[in-house]
Structures are given as C-alpha cells and as structure tokens.
Amino acid sequence: MVKITREAKGVFAIVPTPFDSEGSVDFDSLSRLVDFYESAGVAGLTLLGQMGEAPKLTQGEGVRIVTHVLKRTRLSVVVGVSAPGYAAMGALTSDAMAAGAAGVMVAPPNTLRTDDQIVAYYQGVTDEIGEDVPLVIQDYPLSFSVVMNPSVIARIARNAPGCVMLKHEDWPGLEKISALRRFEAAGDMPRLSILCGNGGLFLDFETERGADGAMTGYCFPEMLVEVVRRTAAGDRDSAHDIFDAHLPLLRYEQQPGIGLAVRKYVMKRRGLLASDSQRTPAAVLSTAARAEVDYLLSRLARKDDSISLAG
Amino acid sequence: MVKITREAKGVFAIVPTPFDSEGSVDFDSLSRLVDFYESAGVAGLTLLGQMGEAPKLTQGEGVRIVTHVLKRTRLSVVVGVSAPGYAAMGALTSDAMAAGAAGVMVAPPNTLRTDDQIVAYYQGVTDEIGEDVPLVIQDYPLSFSVVMNPSVIARIARNAPGCVMLKHEDWPGLEKISALRRFEAAGDMPRLSILCGNGGLFLDFETERGADGAMTGYCFPEMLVEVVRRTAAGDRDSAHDIFDAHLPLLRYEQQPGIGLAVRKYVMKRRGLLASDSQRTPAAVLSTAARAEVDYLLSRLARKDDSISLAG
Amino acid sequence: MVKITREAKGVFAIVPTPFDSEGSVDFDSLSRLVDFYESAGVAGLTLLGQMGEAPKLTQGEGVRIVTHVLKRTRLSVVVGVSAPGYAAMGALTSDAMAAGAAGVMVAPPNTLRTDDQIVAYYQGVTDEIGEDVPLVIQDYPLSFSVVMNPSVIARIARNAPGCVMLKHEDWPGLEKISALRRFEAAGDMPRLSILCGNGGLFLDFETERGADGAMTGYCFPEMLVEVVRRTAAGDRDSAHDIFDAHLPLLRYEQQPGIGLAVRKYVMKRRGLLASDSQRTPAAVLSTAARAEVDYLLSRLARKDDSISLAG
Amino acid sequence: MVKITREAKGVFAIVPTPFDSEGSVDFDSLSRLVDFYESAGVAGLTLLGQMGEAPKLTQGEGVRIVTHVLKRTRLSVVVGVSAPGYAAMGALTSDAMAAGAAGVMVAPPNTLRTDDQIVAYYQGVTDEIGEDVPLVIQDYPLSFSVVMNPSVIARIARNAPGCVMLKHEDWPGLEKISALRRFEAAGDMPRLSILCGNGGLFLDFETERGADGAMTGYCFPEMLVEVVRRTAAGDRDSAHDIFDAHLPLLRYEQQPGIGLAVRKYVMKRRGLLASDSQRTPAAVLSTAARAEVDYLLSRLARKDDSISLAG
C-alpha cells in the first residue's frame, strides 16, 4: 500500500463507525460508506478518529474495522492510534501498518503543557513506532487542551523524520498555516502536508492560506472536495459560493457534543448508514433538532442542486 | 432608569471599548457607537463585558465608561461586574446602579466545578449586591470552563429573586433553551429572559427555541435585530435568509482570540470607531486577515443591500 | 475468589509494575512483591492503577499481570479498568473477574463536569460491567480534574448496587469522610468501604474520621498497616508516632511526577524490585534526589527500628 | 525604602489579612502581626497574596493595607499586584511603590499555555510597570495551571531587567532549583533570588538545593527562619530535626481549600489575630478539624519547646 507523503493533497474523510441499534459494528454500512467516499472524490480516509468513536471500541474491533476497510479500498487510509501509553500505541500501529494503512495519527495527551513536553512526547512516539511509519500530528486544542505554537510544530517536524502531515484544527488557525508555510520557505522545517479539521468551518480560507486540503467528516464530503478543487483551480468566488451554501448546515454539524449525532443522522437520510446509533455515552438528537436539520437540508437542496439526499 | 426584567426581549449589544492608538479610551467614538446602536434598533447595551476588554480597564475607567454611556442613552444598560471577589463586585455594582444601569452581569470564576459550588457562588453574589439589583447570569463554558446544566440554572433562579436574565452561550445550547422553557412551563423555576451570545452563531434557531433575543457584539447588529424581529413575526425563511447572508462573516468574527480584532476592524470600516486598537495583550489582524474580511464584506454587500459600510 | 464488600477494611497496596531495564514486565519481581505485601499484613492488592503504570501497558500485558498475581496470592485483588470507553472497560473487567479478581476500580474521565454527568457516567459503568461486579469509585480530583461532592457519591452509591468501595483521594478530604459517614448514618446512602489514597499523607486523621483503611502504594506498607491497626485499637498517640516518623519520606514520595520514581527506588533498595525502571514517559531521579532519599531513609531507620531496608 | 535584589535571602512571610467578624479589615491585628513577624526574624513581608485574600479586597482596601504596613515596619515589603489586565496592575504597582514597597509580585493568568505566551506576558508586565520596579515571578502551577519550565524562567529573567526574584512553588520542584542555579552558573541567565512557597512543605531540601529562603505563610514562621539559618550554618541534621517536628502540622495547614482557615485558627490561638474570620467564599473549620489542629499543636509543643502558643 502506498504511504502518505509530505505532498499529500485533497480531502481525507474522517469515517464514522456505523453501529446497529444493538451497538455492534455494522460492516455492511461501513462498506457502503467506503464506496460512497470513493465516488465522492476523496483522496483518503481516516479511521479510528474521535469522530469515529474510536475510544468506544475494543482494541479487537478497531483492528477489524481497519482490516475491513483496507480490503475494500485503494484509497490511502490513515489510522488514529492515540492511546494512553506508547505500548498500546505501538501495538495498534503495527497491526494497522501490517494491514496496509498509509500512516497513523496521534493526538497529544491533555496533560502536556510546555513546549518541551510536547516535543518530547512526539519524540517518544517516533521512538515507539519507528521512522518508517508516516505520522500525522493532530493539533486540536479545543478538544485536547494542548496548545502547539508553530515553532513547536517545526521542532517536531525537524526531529521526527516520519512526521509528514499535520491535521490542523487549531482555532483561530489561519495565521498558523501561513506561519508554517513561511517556516518551510525559510528552510526552518521540512514541508508538511496540512489538512484542516474543525468540521471544515474555515476551509474556504484555509486552502487559500496554503492548506493542502481537509481531514474532516462533514456529511457532504463532495462539498469539501469541490472547495479544494475550485480553490486550486483559481475559482475563488465559486469555491466560496458552494462553501457558503453549506455553511448553515456545516456550522450546525460542528457543534461540540452533538455534532456526530447530526452527521450520522444526515448520513442515514442520505442512505449511507442503516442506523444513526452511537455507542454510549452519546448525545441523542431531539425531535426539535432533527426537524432543524431537515429544515437546513431543505434549504441546502435549493442552493446546491448537485447534491441529492439519496447519496 | 428602568431596570431589566424577566420579560426583556430583543438585542442587547455588547459594546466594544474604543481606544485610540495610544491606548486611551476614546469617548468620542463611544458616543458615536451608542448613537449607532440606537439607530440599529437594539433594546439595550452591555458594557464592560469580556469583548469590551473590561479586564484591561482600571476600575476608574470602567466607571467613567458606564457614566458616559448612561448620560447619552435611554437604552437599558447592563454592566459586567465580574470580579475576583465579592467586595470589588459589590463596589462596581453600587457605582453602576447609582449611575443608572438597568442591571449587572456576573460570570462564574473558573474554579467552580460542582453544582453546589455554582449555586453557592451566585447565592453569594446576591448576598453581596442585594436582591433589588437585576442580575444576569453569564453561562459561557467555552470561555470560563464552568458547566451549568439546566437544573443548576433553575436552582439559581429559584434562590436568587434578583436573577432575571440568562446570557446563554453554552455550546451546544439549543436543547438547553428548550429545557429551561420546559422547567418554566412546569413551574419549576421563574421565567428568565434568555439572550444568546456565542457571537450569534446559532441565533437563527435559538430564537425558534424560545430565546428572547441576543446579547452579543456582532459587527452588524442590524442583522441580529432583523432575525429576532422576523422570527417573532413568523417569517421563518426570511429570518434564515438574512442570517445565512451574514453567516460567513459572523463565523469569521466568532473565532476565539481574533474575533474582537475582526469586529473592531469592521466597525472602523463602517465609520463607527476612529481606531481599531485594542489594549495589550491583543491579537492583531495580519494583512491577509484584513483582506479576507474585506472579501467577506464585499460578498455580503452583494447579498444584503440594506446594509452599507458607511454605517 | 472472595469479592470485596462494603465492610472491607485495612490496607490495599497499589502494586507498582516491575520492569526490567529493557522495559519488559519483570514477573519474578512481581512475585516477590506479592509475597512481601502478604508478609506486610495488607488486606488486598490493587493492580493496574495509575501508579502501576497501567496506561503504559498493552491490554495483553495487563491481563497477564492480573493472572500472574491472582495465581500467587489469596489476597483480595482489585483491578483498575479505567478506559477511554465502556467497551474496552467491559472487556478488561470480564478478563479480570474470570481470573479471580475481587472487584474493579474506575476513575472518571476528565471531561466530566456537572453532577449529572458524573452520576450518568457511573451508571453507564454499571450497565457495562453488571451489578454483580464489585465496583470501586476512584475520587482523585488532583489527577482527574473531576470534583465529586459527597452528595454525588451518595447518588452513585444509591443507583449502582455494585458500587461497594470509595478510593478517596480528594484534597482536602477529611470533611468528606465525615460527610459520607453522616449520610450513611442518616440512611441517605448505603455503606461504602472508604480506603484513602493521596500517598497516605493524611492517613493519621482519615482513619479517625471513619475511613476503613488505605489504598495507596507508599514504599513502607507496614507503616500504613500499623496506623490502621493502632487507630482501630485506640492507640492514638502511638498511631501518630509511627506515622510522623515516616512523614518526611512519605511527603517526599508523594510529589506528583516524581513520586513513583522515589517509590521504586526505595523498593529496589529494600530488595523487592530488581530494577527501578519505569516505561517512558517517566521522571528519573537525579543523583541529588537519590541522595536525598538515602538521607531520609537513614533518618527513618533511627526512628523506626522495626523496619529494615532488607525488606 | 530599600528595594529587593537578586541577592535577597531569608524568609518573606505571606501576611494573612485580618478581618473582624463583620468582615472589615482589622488593622490592630495587622499591626500586631507585623510586630510579630519582625520579632520572628523574617527578612520581609508579602502583602496582597492569594493567602492574604487579596482577590476579596477592593482596590482601596488593598492600598490601605499596604500603606498601613509600610508605616509600621522597615522590613522589605513585596506587594502582590496580579490583576486581570495590565492597566489595573500598573495602577496598583504605582500606589504600592509610592508607599514604599520593595517590589511587586505577579502570577501568570491561567489562560497561558505555550512558552512564548508566558514570556510575552511577563514582557508586557515589564512594559507596564517599568524596569525600575523589582519584579517577583510567582510560579505556582497547582493553583494557576501555568507550567513554566526552567528555560522559560531563564528567558523571562534575561528579557526583563526588573525581574529579580522567583517565588518558587512548582511541584515537584527540587530539580527546578538545581536547573536554574546551573543556568546561572553557565551564564545563561542572571541570578534570581529564589524563595520557596508550597507552605514550606519541601523547605528542608529546597534550601540545600540552592534556594535563598522561603516566601510562605506557615503559622510558625520562626521554624522557617530556623531551617534557613541552620542550613546556611551547615547544621543539616538540626535543620531537618526542627522541620520534621513541624511537618505534621505544616502538612495539615498546606491542604488546598482549608489551609488558610487552619493558619488563621493557629494564629488566633497564638494571640496574633483577634478573629480567624475570612471573607466569603471561605472554608470554615469544623469542630473536628479544630480538634485535630489542637492535637497537632499539643504534639508539636512536646517536640519544639522553643515555641509557645502565646506567640
């Protein structure tokens, strides 16, 4: 399997884990999802992320999901291997890479505070998984309470040859992209592929600042693909047009706590998931919330006729 | 001066504090701002909030700002009096109410964790300022790290007769509004006026859920006023139309850390502020960021022709 | 194997995980440790706790450690099963109980804030592991940032029939013990066995307030056993005498970050561990720190002649 | 008045603010306290610290306390001027220095995370108060959630000529002292006076590591003075003997939340305070807690006959 590189571009879709109403992993829906993502034009998939409910899976389930997806697709697959300690991270990394993963993603534990602690943590990750495994840094302060300024990311990139990609979801984050690109231009750090998260909330400008694409799970990945494509093609207004059409729904989906429930509900309506169940603990959409999403979908359908709810 | 009540409705604008380039309070711009807010149709003003850079003012400056505004307007004025301790809070409350304020707003200190701690804290606030002073609870977990579930707010409302309003900026928060209105309907708590913050990011649905309006500082308060008005008039689609037109800019302004810089920049472009200076520590807009805001303004102007940049 | 009950008393030793210098689990030292704890008079052992470096183990290693210890001892063994999600927690619980564990211990995830969130979390734990498995609540705000007031613990105890023990390491915590015992006396909650942590720093008074013993890993568990025994026998001054003799060292060992390194160093000096290695990331004792511990040990030897460094 | 310097040594007592039972500042007790501290041999006093209940005072009260103390004593007086913003900090600093203070102390706001943020914050402090005002950095992660590694403190010391002292209460912290002294010896930073806090819990070793003394408020400052003196005189065992005699009480007083109540209770028993009242919110000692302190005092009196409860 091809590994991700510093030049990776496009959209990596954060894949939600489908569960049936009993809480078991629904592999049929997972297959359907994978096919859909391919047809939507994404460049890769990300498995076992936070929004994939990875912390709610047993280790065995995680490995089965990775194996299942890798058998079905030739897309690049990044696997989230964050763990409370290096040993479990290393074990999952070995399993994932052996199954054909293109790289692994690691979020920092929320106990890290100082610059040196963060750099040392990722040094330890590299020591554990080896320099041959492509590593994605997940930079998401809102969720992990760990703040990495650009110079810290540069230090990690210099120290860890395997580190090739940044999942950027700092907030505010536009200046961070610009700062990293300046560091690269000045020779202060090797190039990283920068894919942006935060549900895509700033993707319209992130791509303009130099991001290579998105790594997020918005329920209409086609839109993310289009924004990246149109921006790359220089169609600025057109990129913003489609982005703005989706923004009311995207913003609704991006609510912490309830976002995944919205995402799964829409994906069920699109025929991609047999059930929108999550494992507990999970937020459940109220009747009012479902009606709000339905309303947003009806408004979206009037603005973006390229997208149908039938997927 | 009339005090705020449990029935208060509409938009209370969070007033930014104008500074000149030397860092002194610019009272001329402050007067101009007050006149503008009146013309924009807001129901009230909120002074000395976080977005008014209250923590960067001396106590004397805060009092002068309150006095200045109260001399200029008949709008209801809520004053932020959050302080590290009750004594300073009480002193500022006395000054503000003596000058004619309509009520005071208090955020919880970020050391509070348990339900009982939060309830006890607001009991202490009431003991300090007295039950005659209308009190606004500021519920903003993203900024203060204090999470109040609806039953805690109900307890505070039952215990503190002076508590008449909730500045709601929990996230996600739509269900919270519904839960509080259910509590009120069931007689479990007295009615609170609920005005929503978070930069207005969910105002389109918050008003539909039962919120009475907004208390936030978005740089086009006219839009907030219109959303509240149209929703109250039953013009749902129309309310969403104007909201959606502003959402790209509103989302951009709502970025933590950089939001106030965006807001002041637009207000300067609108002719309301002589300078967009903030006191340190402050985020400064890069050239790229200013260009992005300009671009968003140009796109907005094409969608909402009722709003001109000349204010 | 006998399960722990609400009446459990005495000292449960938090067992450190012995590693050799290569980072592999050292089962010979583990056997020696178990024998030592039996001879020291403890009532039980706790495996896979934070101070057992549980987060640094793979799931397989954790199970092997539990199995190894349970084959060697008839002491009651509590197993830490805290996990990012319920599924992994349930899997480990099944393995541990099948191997003969006396109960499991669960710490709250650090994302919990409100009373209701905490109660709901432990309700979910009970739903996952079943009411037949004796459950220990780990209440350690300094480490987990989750604050449970006594009424929350009472709610959990009322709701979860399997919950029989509290590992108490709140700080300050003496009043909490008194409050829980008052609740029990008033019939507001079922009795819990209360064993205290915090390295034993307040054990002298905790037992007087109604705690049933200690669950901690101080390097001289004999002292903890004696304090519990003497207090139960009414020998107050004598209990404080032995406690005070150890307090300088106990305080030194209780330093966050470096405590486990101190503990393992002393246990190596006592001949219990072949190596004081920890898995990374880990604090390492400097030469100066080792000399300080040696000095404290020499002072201790002059005060407590019942304890020799040879174990 | 003489200003503090990089060579400052000895004990700076954190002065509690005496209140009468109505909550007013009790200036008579304050005078008595000042006289007591002089007789106890301290080198200086620290006013308006956290343990002085500074956040509960109005700005006017704070200034009156500083003025009162400075009229009564020739000891060096450090004034805590931490404030939500620079303007208020600057105003209080001007008042304090005009009244004769020897320097000011500033704690970092708990929003700081990265190394650069911390360094920039203290740069801003220096810009506000000027380089002529001796500045004390308060490094207390347990309370402020801001972690400064030694290299960050070195950067601050290099950048801010006014910065002459570190109030060290990191935890664990012994290695930090050693690291800073190594930086100084290597010429990587100018010398700082290092005075240790944390209630004195590690003072016995801190002085051996190179600390110049203590800045804390333990209810028997005579002991702190003796530990510093005996260590400086090379009487290691003797320094530890008196420290160990006090450790059971010192440890009890050092409990977060309840520590100040213990301190004031003992100081009242010693005849120094007319009342042990605190302003709300405040922990109150239960009957059981008072009895525990009494018991610790009786045990202490048997070990350290140089100290009487009559002060």
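For the reader, a short list of remarks on this structure follows.
Just so it is clear, A, B, C and D label the chains in written order, and each chain counts residues from 1 on its own.
Following the convention adopted for this analysis, contacts are C-beta pairs under 8 Å (C-beta built on N, C-alpha and C of every residue); 3 or more make two chains touch, one makes a residue touch a chain.
Remember, it's a predicted structure, so these values are computed and weren't measured experimentally.
In summary, the pair chain B and chain D forms a contact in which both copies contribute largely the same residue numbers, shared numbers making up over half of all those used.
Each chain gets a centre from the mean of its Cα atoms; the one farthest from the centre of chain A is D.
Chain A and chain D have Cα centroids lying 48 Å from one another.
For the pair chain B and chain D, the distance between mean C-alpha positions equals 38 Å. Each chain gets one centre point, the mean of its Cα atoms, and the points for chain A and chain B are 33 Å apart.
For chain B, residues touching at least two other chains: there are none. Contact residues on chain A toward chain B in their complex (touch as defined above): 171-172, 174-175, 178, 201-202, 204-205, 208-209, 240, 243-244, 247-248, 251-252, 255-258, 283, 286, 288-289, 292, 299.
Contact residues on chain C toward chain A in their complex (touch as defined above): 53, 55-61, 84-88, 91, 110, 120-121, 124, 127, 279-281. Residue ranges of chain B in contact with chain C, taken from their complex: 113-117, 141, 146-149, 151-152.
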